[in-house]
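Below you'll find the structure I mean.
Naming follows writing order (A, B, C and D), and every chain is counted from residue 1.
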Amino acid sequence: MRRYFARKLLVYALTFVVAVTVNWMIPRFMPGDPVAAMVARARVSQPEAAEAMRTYYNNLFGFDEPLWQQYLHFWGALLQGDFGISIWVFPTPVGDVLLDALPYTLGLMIPSVLLSWFVGNWIGALSARRKVLDNTVLPVGYVLTAMPYMWIAVILAWALGGQAGWFPLSGGYSLDIQPGWNTAFALDALHHWVLPFLSLFLVALGGWAIGMRNMIIYELESDYSSYLSALGAPQRLIRRYAFRNAVLPQVTGLALQLGVLVAGALVTEIVFAYPGLGSLILASIQNQDFFLLQGAFLFIVIGVLIANFLIDVVYVVVDPRTRTGMAGGTS
Amino acid sequence: MSTRPEPAPEPAAAPSTPAAPSEPAASSAPAAPSTPAASSAAPAAKPGGEWLHYAVRNPKLLIGSFLVVVLLAIGLIGPVLLDNGNPNEYVGPQAAPPDGTYWMGTTTFGQDVYAQFVHGLRATFLVGVVGGAIAAVIAMLVGFLAGYRGGLVDEVLTMLTNVVLVIPALAVLLIINAYMGVRSVAVQGLFIGLTSWPWAARAIRAQTFSLRTREFVDLARLSGSGTWRIVFREIAPNMSSYLFMMFILLFGGAILIASSLDFIGLGPTEGVSLGLMLQSAQQWSALQLGMWWWFIPPGAGITAIVGALYVANVGLDEVFNPKLRES
Amino acid sequence: MTLTVDDLRVHYRTLRGEVRALDGVSFGLADGEILGLAGESGCGKTTLGKSLIRLDGRMRHAGGTVTLDGDELPLADDRAMNAYRFHKISLVPQYSMSALNPTRRVGRMIRELLASRGVSVDTDELRRRLDLVGLAPDVLDRYPIELSGGMKQRTVMVISTLLDPSVLVADEVTSALDVSNQQAVVGALTGLRDKGLVTSMIFVTHDLGLTSHIADSIMVMYAGKLAEKAPTTVLTTAPRHPYTRMLIGSLPQVGARYKDKPLSGIEGSPPSLLNPPAGCRFRDRCPLADARCAEEPPAVEVAPRHTVACWKAA
Amino acid sequence: MLTLDRVTKTFRAGAFGGGSTTAVDRVSFSAAPGELVSLIGESGSGKSTIGRMVLGLTPVSSGSLTLDGERVRPGKDFYRRVQGVFQDPFSCYNPVFKADRVFALVRRAYHPGVGDTEWADRVERAVRDVRLDPGQVLGRYPHQLSGGQLQRLLIARALLLDPRFLVADEITSMLDASTRIDVLNLLAGLKDRGLGVLYITHDLSLGTYLAERTVVLRGGRVVERGDTQKVFGNPLHPYTRTLLAAVPRIGRPWTEAAPVDACAYHAGGAAGSGEDLHETEPDHFVACAHLPDCGRTRP
């Protein structure tokens, strides 16, 4: 088990290094003069801000230094939690801007990912080897899983927000309410939360249901299932075992899907102008705020790495074979 | 952009113990499902015959491929039938709902939504093909090499695969595209391909790993065949169905991720795609204005392509994998 | 008679039609008897073993009856068969190595299995039985992956016989084992019968030599039909069916040498069971065959407890 | 002449450090042209690993493995002289191609200059050599043929190369009793062509049926080897006796293995640690009975 975690942590550490390096490299190795281009494209109205940007970029990139020094400085700043200064909301540090947005993204993602996983697995397990359910769940599942996240978000907003008028179309809370720890704000935030949550939940749901259905059929054909049938064990027990074992690859699947789920959350936030990382990314692109964009990238990578590690821990808990140290586990 | 249905795991190939000749399943071929008493030398259908039998009777496969072909045809022929070259031109009345002239209505600026849609289909298929093909090629190179060579090569490639797997592809693509001044559909596809191969490489590696211990691989070595010849002439044909299904999934995945990039505003700087249509609909408040004809068609187009691909893929899976067949 | 099989027919559904894997087989299994079921690939022995336990999706009960302790088994009715499975008729499968749920400790799996059949676990008895096959009680606290192949197989043997079934079907249980382990497994199986934990047993195998060490009588099958059934010593020393004779003749005994006297096999291969030819199915490979063999030979009791299906055997 | 001298194979558990296991431990024996040597052992004895090393499919960790004085160097030239037939005939054929593709592969690599009719003639002759009817087996898919037919086709394939040495690894364990004996007879007949054959099996009775000389393996080591009749007529090592006693024989109940009075190795006067074999009589070698704990248990 120690080997298992050591391996995992090594992969995550390497991933982090690669991500940071990519982050450092892209502005430097893309064709053209990034500073001039950025300042020119930034269209900053205040002259002092434009000047500050130019000085700041030149200092930060330190183009007269050798590459390896630039690289080390980059790491040094990063390890002190310095992601740079945002241009869009000049002169707020990028880290602060991102931290303000983070709760909204997490508040959207964590419930939708977990709930879709649980409900999807449950539906998938129910439909496996049951003709009527199978014939309805599968097609619906495939349509859901093929939908671009932003499209289902737009449709939901149009139908339930615009046409029916049940939910607000945009924002994380109403403009006339001050964010704070009170019931009024909580209810308002919840009201705004429902539609983005629902879009994320529905698309992911289809995939999990289909995955579980296929895995459970595979398990129902396995030798231990045949043996139980041969001993006359009731379907209930056989299905319970099959479900239990089919969940394992679904846990691994959750780790594999994290990137896709994050991407889904970002575009969904954009549709609803939900004040999370996705909207920040859109703003940073529209305002050519590259520091904010790169900071968001690192935030996402770190978040995904942490989530991966948590899933690894869960996997060890649910699969006894990793604990006995005899099987590899997820990757 | 969604939970992708991976092909169902294949049953472990080749028994590792010196098992007895057991009946009725005699052949252990993964491609040709064994039938009882298949060992008797009755002139039988060739291995391809059996899956063809199921293929033409599989509604999922038929419906899925039919839809894909129809959409592809619209994307290929549609633009040719329109006389104006640029779908982004302001040709009609502003914000008009669908009518006889403009089948899908017009945008706030008077662009023909139908013209954009057929051109967009084309771009969407293109990005899918480019992204899917590049990802498939990388996945095959990495997967075959790691699975066949094993040892240190495998360790290094697996590590690389896992690293790329963990990094969220869209996030990397955001950074890359943001720093690129001019973006084309092909370059977008290229970068999508470069970031979306890891899961497929892992799957191929696992398959290759189990196939390389099969004795026909040893026999090919004894016949003087080299590594790549063995990989492409012996191992790959045995998983051709699997590779094809993998390409379909990569294709669908590339379309979805491209549409997300477009939507965020990092799509191609020239031309039109279904994702860009969604983006401008969003940007110019089609939702608030109730212009459903602007945002429904592009999303429906993407969903139809990807959904049809997935459904065809399940059909194929059922055709090749008898365990998943109904009843 | 514990078990009486009368004209049992089981077919496999395939794309090209029904394969008559088991095509009219009759025999009896006496109380306390161990019957060795031998034959080559495709002879129907595994199909017969499976049919007594559970028909899988592709198998169809095409006729005949099986009577166990006086009750006719509802072979075609999967649900109704559950009443008999485990309690009356049980199985040690060929896939013993993978028959245990990998994510359950063995003890818990046994408890849950028994509870699902409405039986409570007698822990002392369970331990006694594990001890009987040479397993320590701590097996119950382990996951299957922590057990060796032989341990898993013995565990499965104990589980399958927990309810003291009347008939135990052991399907190719020794085929993946080394010779020294084969002996131990055969010993354990005989022990189960001797201690009365199972009444009778059907030992399915392709290894005629091994069968002769465990079985009281041996039934040789060929192409979905019974060829010969006799007490073990009779069948191995004085077989009547040409197929049995040639089969035994093709087995090299220790000490037999090619240099001294080459043995010979049986030319040809069994007929396809998709549309089996009329008459004796061994006809094409039989050196004694003549015109009469175009007619199907009935299974005749040529001596007490010795049945042969051959015109030349009488 | 195939010669193994202290051939050892260790497998590493992982590429980055980790443990290692020794599958084959200082094995020495030789096989002359026209001689059939059987390698007998249970699972884990290392017998198949030895076969794979002889075929160059697995590299040797240490020791020397030579054919006619040359080291094994996998490649076209080497495989013209050494060929193999494996255990599972169904797994030896690529299921998506016709069975006779195994001949085409040989032609591509070794006889590209041979004309179509000439090649067809050769194939037909080789197929008849293994007593098959070319009309019945050529142009078919593997699943349309029986295990025995497939295995014979593989022998025919090896014969097309006219090799000097053949490794036959468990080639009958997947076959039915009535067909396997013919394949074994075919193997025995190859000796008359001057081929050296290494016959690997877990089935002692098959080994003794064919082989002039026998090597008994256990846990990667040779425990006893030599003339087949001496090794099994007068087994000296307790393991050989256990193995012999465990073989099921028709019409004779199992007997207990006769106990070994003294370790034949040391009683025979050998003073070594038991790592080398002791020749107790001409062409009859035995290892210390107490291996691998020899030094500790010996008084």
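Definition applied: a residue touches a chain if its C-beta (ideal position, glycine included) is under 8 Å from a C-beta of that chain, and two chains touch if they have at least 3 such contacts.
Keep in mind it's a predicted model, so treat the numbers as computed, not measured.
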Original post:
More C-beta contacts across A-B or across B-D?
Top reply: A-B
Subject >> Middle chain, criterion being Cα centroid separation >> reply: B
Original post:
Which integer distance in Å separates the CA centroid of subunit A from that of subunit B?
Top reply: 22
Original post:
Counting in whole Å, what is the centre-to-centre distance of subunit B and subunit C, each centre being its mean C-alpha position?
Top reply: 48
**OP:** Starting from the mean Cα coordinates of subunit A and subunit D, work out the distance between those two points in Å.
**Re:** 56
**OP:** Provide the list of subunit C residues touching at least two other chains, using ranges where the numbers run on.
**Re:** 40-41, 206-207, 269
Original post:
Residues of subunit D touching 2+ other chains?
Top reply: 43, 146-147, 176, 202
Original post:
Among the residues of subunit B, which ones contact at least 2 other chains?
Top reply: 17-21, 26, 39-42, 44
Original post:
What residues on subunit A touch subunit C, complex-wise?
Top reply: 222-224, 226-234, 236-237, 241, 244-245, 248, 318-321, 324, 326-327
Original post:
What does subunit C use to touch subunit A in their complex?
Top reply: 53-54, 81-87, 90-91, 93, 95, 98-105, 112-113, 116-117, 143, 145-146, 156, 159-160
**OP:** Using the touch rule from the top, collect the residues of subunit D that touch subunit B in their complex.
**Re:** 14-16, 43, 52, 55, 57, 74-76, 79, 83-84, 86-88, 90-97, 102, 105-106, 108-110, 136, 140-147, 149, 154, 170, 173-176, 202
Original post:
Along subunit B, where are the residues that touch subunit D in the complex?
Top reply: 14-15, 17-21, 26-32, 34, 38-44, 46-47, 151-152, 154-155, 214-216, 218-225, 234, 237-238, 240
Original post:
Across the complex, what residues on subunit C touch subunit D?
Top reply: 40-41, 178-180, 182-183, 206-210, 212-213, 233, 236-237, 246-248, 250-258, 262-266, 269
